[in-house]
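Quick notes on the structure that follows.
Letters A, B, C and D mark the chains as written, and numbering starts fresh at 1 in each.
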Amino acid sequence: MRYAETKPPVLTLTAGPVDAYPEVLRALGTTVLYDYDPAFQAFFEDVARKAQAVLGTDTPPLILQGEPVLGLEAAAASLIAKDDVVLNLASGVYGKGFGYWAARYAKELREIEVPYNEAIDPESVRSFLAENPDVKVVSVCHHDTPSGTINDINAIGGIVADAGALLIVDAVSSFGGIDVSPADCKAAIFVTGPNKCLGCPPSLSLVAVSDAGWEKIEANPDAPFASMLSLKDWRHAWKKTEAFPFTPSVAEINGLNAALDLYLAEGDRAVWARHALTAAVCRAGITGMGLEIWAAREEIASPTTTSVKMPEGIDAAPVLAETRARYGVSLSAGRAETLGKLVRVGHMGPTAQPAYALVAAAALGGALKALGADVDVGAGLAAAQAYWDQAIG
Amino acid sequence: MRYAETKPPVLTLTAGPVDAYPEVLRALGTTVLYDYDPAFQAFFEDVARKAQAVLGTDTPPLILQGEPVLGLEAAAASLIAKDDVVLNLASGVYGKGFGYWAARYAKELREIEVPYNEAIDPESVRSFLAENPDVKVVSVCHHDTPSGTINDINAIGGIVADAGALLIVDAVSSFGGIDVSPADCKAAIFVTGPNKCLGCPPSLSLVAVSDAGWEKIEANPDAPFASMLSLKDWRHAWKKTEAFPFTPSVAEINGLNAALDLYLAEGDRAVWARHALTAAVCRAGITGMGLEIWAAREEIASPTTTSVKMPEGIDAAPVLAETRARYGVSLSAGRAETLGKLVRVGHMGPTAQPAYALVAAAALGGALKALGADVDVGAGLAAAQAYWDQAIG
Amino acid sequence: MRYAETKPPVLTLTAGPVDAYPEVLRALGTTVLYDYDPAFQAFFEDVARKAQAVLGTDTPPLILQGEPVLGLEAAAASLIAKDDVVLNLASGVYGKGFGYWAARYAKELREIEVPYNEAIDPESVRSFLAENPDVKVVSVCHHDTPSGTINDINAIGGIVADAGALLIVDAVSSFGGIDVSPADCKAAIFVTGPNKCLGCPPSLSLVAVSDAGWEKIEANPDAPFASMLSLKDWRHAWKKTEAFPFTPSVAEINGLNAALDLYLAEGDRAVWARHALTAAVCRAGITGMGLEIWAAREEIASPTTTSVKMPEGIDAAPVLAETRARYGVSLSAGRAETLGKLVRVGHMGPTAQPAYALVAAAALGGALKALGADVDVGAGLAAAQAYWDQAIG
Amino acid sequence: MRYAETKPPVLTLTAGPVDAYPEVLRALGTTVLYDYDPAFQAFFEDVARKAQAVLGTDTPPLILQGEPVLGLEAAAASLIAKDDVVLNLASGVYGKGFGYWAARYAKELREIEVPYNEAIDPESVRSFLAENPDVKVVSVCHHDTPSGTINDINAIGGIVADAGALLIVDAVSSFGGIDVSPADCKAAIFVTGPNKCLGCPPSLSLVAVSDAGWEKIEANPDAPFASMLSLKDWRHAWKKTEAFPFTPSVAEINGLNAALDLYLAEGDRAVWARHALTAAVCRAGITGMGLEIWAAREEIASPTTTSVKMPEGIDAAPVLAETRARYGVSLSAGRAETLGKLVRVGHMGPTAQPAYALVAAAALGGALKALGADVDVGAGLAAAQAYWDQAIG
């Protein structure tokens, strides 16, 4: 029995999109209100306030009407002025990619780049900034999803602040699955989205801008306005008394509301613990069957994605085809530089459950074995189960 | 008994967002697939093909991941080159507004503007283009929603084509409710969205680009790419073998699919007839109670929105508050120049039903009467009903 | 433009089923839990407690797993013993119909019957019981839906209690739309359902049994047990520590929970007022166009259904076909003795809104006129609107 | 990390209710139609016709408005006449239980009973009938769910037919998950429900009655009519031209329609294969970790439920509490005679996926180990995975 490509898989355990929480899926079907209806305007403010509580900010984050690449592009376009020197920190494809946007708006882009299974050394940032006092903006990706690796943005944020520069943080696929916040990393702009660890479908960005961030944006004559790329347009839109710059994605706001309720009800620590345990169970399984994680060191591996290095001589593409066809499990490929070299298992939102990590390990191991790799799937599953068991206590 | 602002109204009969079709609302809650899953990629191509069938184009339209202002901004950014002279046709707030975007990208913006209860005279376009042979791009809003008026874009399109210029058409709030298509108006770029007459929630754009349009975009060195504002990025994304530029709004694509199925099943002519009848019933009621429509002439009034002129001395804001508080009916205000001067009743998608036109007329008439206007609501309802009856035959 | 029979109508304004509240429809799709899962058992107890709050009883009502005819049949089977004399009060088809069930279980059935547009005179019950001291059980239908008429069950209940008999009340289509409760009418068994004024789909019964009711049931050797018709089986099933007699309808319980939440949030008085206003607006429209309500007197007409007498020579069947085909509005026929003679407009749950009463009046009037009746539809709509207006104040 | 009892489990892998297919959950929320609306009447007939196709009968089965215990009780009440001798075949708690209903209606109940981990020997039925030629009705449970065992009803059905008796088959928890049909087992009444292998929530019965079955029912003066327990009332109700005996559960009919569509689209053989594979993977895991299945022999173990014998000295209740608390997995206890002695894993509808069997095995093994049992969970998982792998080929 093989699963047909033409039909949905049994389980989507990718690095996102993953399935949304059932409560979110149902909320998407709520009666659509007119955006200027007072009930909707009050509701939107409520949702923004909940997002504020979840992000731990002083004012509500912007809820932009596009998946987080919009938040990231808008951040670059809004914060970076024509005469700015930007330092981009690249430890993976996404971090590197932000540099292209930054370069589009900056006078000059400088970069610290490390191998894509490594993390940025905060001390290298300190040295760089000491030697490059003209850097105005630093950008960093917290969880570089195509690598499954995490940068120490709190340390980096402190260093950037000390240097008087502003930090743009891409926390799209980490926020909500790990202890990270705009305040802790002193971000001028902190971009995330409801579509990863918060368990919504993709289509919105959450963007927290600090006071310093707003000051720079308002001072930037080229910061977009009356545009999809504008942050300024949305600055006060969360207030029920303010007009929307354009029509918000009403259904997605309904979904976001449900997701925020779930997050607040479960409690951030419980959510983080669930992501961490799932990742650990997955890795116990992966390493237990003789595979290696992609990250150079366990401590920089993200709790929201497990990237598994493909064994010598095996490309990821047929492996993914086999996990899906044999086991009905959809996993993620790498991207660009990591494409072909690794397979990614997401642990995000509703999929951050050890039970799914076990299935992911079984499917990935089985596919590799079917393709001739030397893996002991049974040993991996035993190890995953044993890890889970001891973690329960 | 009055309806509280804090609770949803009984009926949303606005110029959009309106409620989505129930089938669309349910489809939004479909299991979210990974965008690179083969089942999703094939599904996306299917949806694009259905959109093609609905739009009557030779290739699938772009499905952009943001409500139609994204499509419009991206159209301006992509098609209009730095050295282009653009003629913008402004018969309302939206048509006028597009000029601001056009001006951002063009060498020079010229404009034909008429009063906002009027329509552009196609012959004035012919004369203008004859006198301004350097115009490369013409832009026009088909249904200027804040006025509820329709321009004759098929006539305009023929004239623009004869002059060798390219036409950008904003058909956001008309397409799907009236007989209009990219081919009939010879549009280089035709922008609409699923969130008006197709009965989806707001969050996607449908953008049809002609061969000539693509030629000009590809030749435009400043046309955005690797950007939310890019049309180029999405040109081939409908193919299941192509990558997405960024993550599509999976839930909204599921909703769009359901909406396109409904449209194709009902049949375009039946959908248009339903919108036309609803508007006519609404207007019979409005005029029957002694009110006037905003449009200078019945024949330029849109079948998808009825704009009602407020009687001398009455501002629209309290009227809207009263229709909602007294009758539970949410209607729309004007915008900018038309704000305060008119109230709009939408007839779009699921709300394009004569039964709702009757309720809208009752609510609007009753609110005006309660505010002291001299209206004979009963006579209006009788007229609406009588019109409906004779239309049934 | 006519509406096809093969497609759903635009509005279902029948005497039930009507559409459920949107919140209820979404709740039906909640993840199905195992009935013995502790989360479900606790949830079921919660729902039962909410039903208790709504019914105002001392203990939770039984939630039977079938639409209210199950509750009624089970009530007859459980309470009425082989040697009981039962007095059935028949003011309509449903009241009369209960007598057939009662007769199945009783030694003898006696009956007070009045014309089906009338109500039972409580004093006639007093006299009857005085003359028939052997009557043990009295049964009455509160709202005889096929007639749209209401009996004064509080007065009747007091008389029955004084006579030392037990009262079975069918409040299926009235409870939740009018001020009625098991306590106020001193019912031994009070049967209703979530599928009328509470705005759920049909499939459950709510049955409140008094202490005296339980005493008689437990003493009845023929009271069903281990049966769908058993009340006894479900007596303690609401407790999370108790087993279910058989599998509850999990999805419907999820829907009921949402409906009870809505009812408690809106507040009983507000819900009743909404039903009453809707009925009054409907009747203003009906009488304003020259038609008559079926009920002999306005004060016995139900606030949850308006029954309209068909004009001389016009059968209801083609009228219903025309309201649906011409206006897309589904209304109800009568049943048995009232079939053909009247048309019913329901005002229940989500349809208890004056806006819908207006549409119902327009559709019914229009259909009658199309069939040749002498109705002034416009005058009716004007009257309905005028009534509504003055009621708002 | 332990899972709270107050919150839903991560996975419900019980012997039912299990979660419904997502398509079914969404369908439950379809706009509720009036049961007498022509669109609903035509829809009901369509659904009945699909149920006919799925069951392979000559006419549509009855769709009764209560979960399958209603179908079973109604079957006993309708078919069994006062002077009938009934042979009940009891190989488990459910088969035994049907005897209580049968005895209620029959002149005399006779029984063949085997240990509850065994199956009925068809030859014993042949002998019994030869010796008891007065037996008119035989009743048998196909899959005795509390034991997870299957009887050979095709063989039994042939023997019963040869003897000229009528067979009542309870195929509630097997139909749709294994190759079984009314025709193949020559059932006079074949009862199943959409709430097990068809993937609906509980609330409806499907009852197929043969011509001989109808003949006997119509000839039975005590067969219920005008009752929830009546089969006769519903005989022709599937026809769009016929009235319903009482209001059908509209939402559940919408869900059933979606489930039947899914079944027909997947194809019966594919569905059965999926159930069989899941069960086999589960058992490979169970036995691989040193546990035993409850069924005396593998060949009588149901493909829709795996019953696992508890090790000496371990009661099932704490095991179930631990699978849920430790792993978030809800499994089923036994019932009555099997209560405490076994744990059941369901493989039904959407849960009939090998991936879930793996999780179930991990959870059950882990819980037992935590409670001190001597199980090698890792070996079990390895065995399950290995079985799955070889089955894929």
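Please note the rule applied: a residue touches a chain if its C-beta (ideal position, glycine included) is under 8 Å from a C-beta of that chain, and two chains touch if they have at least 3 such contacts.
Keep in mind that what you see is a predicted model, and the values were worked out from it rather than measured.
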Chain pair with the higher count of C-beta pairs in contact (B-C, B-D): B-C
Farthest chain (mean CA position) relative to chain B: D
Centre-to-centre distance between chain C and chain B (centres being mean Cα positions), rounded to whole Å: 44
Geometric centre distance via CA averages, chain D-chain B, whole Å: 52
Shared interface positions of chain B, touching two or more other chains: 26, 29-31
Chain A contact footprint on chain D (complex, rising order): 1-2, 10-11, 29, 273-274, 277, 326-329, 353-355, 358-359, 362-363, 365-366, 369-370, 377-379, 381-383, 385-386, 388-389, 391-392
Residues on chain D engaged by chain B in the complex (per definition of touch): 22, 26-27, 29-31
Residues of chain D touching chain C in the complex: 5-9, 12, 14, 16-20, 25-26, 28-39, 42, 65-67, 69-70, 73-74, 100-101, 195, 201-203, 226-229, 246-252, 255, 324, 330, 332-333
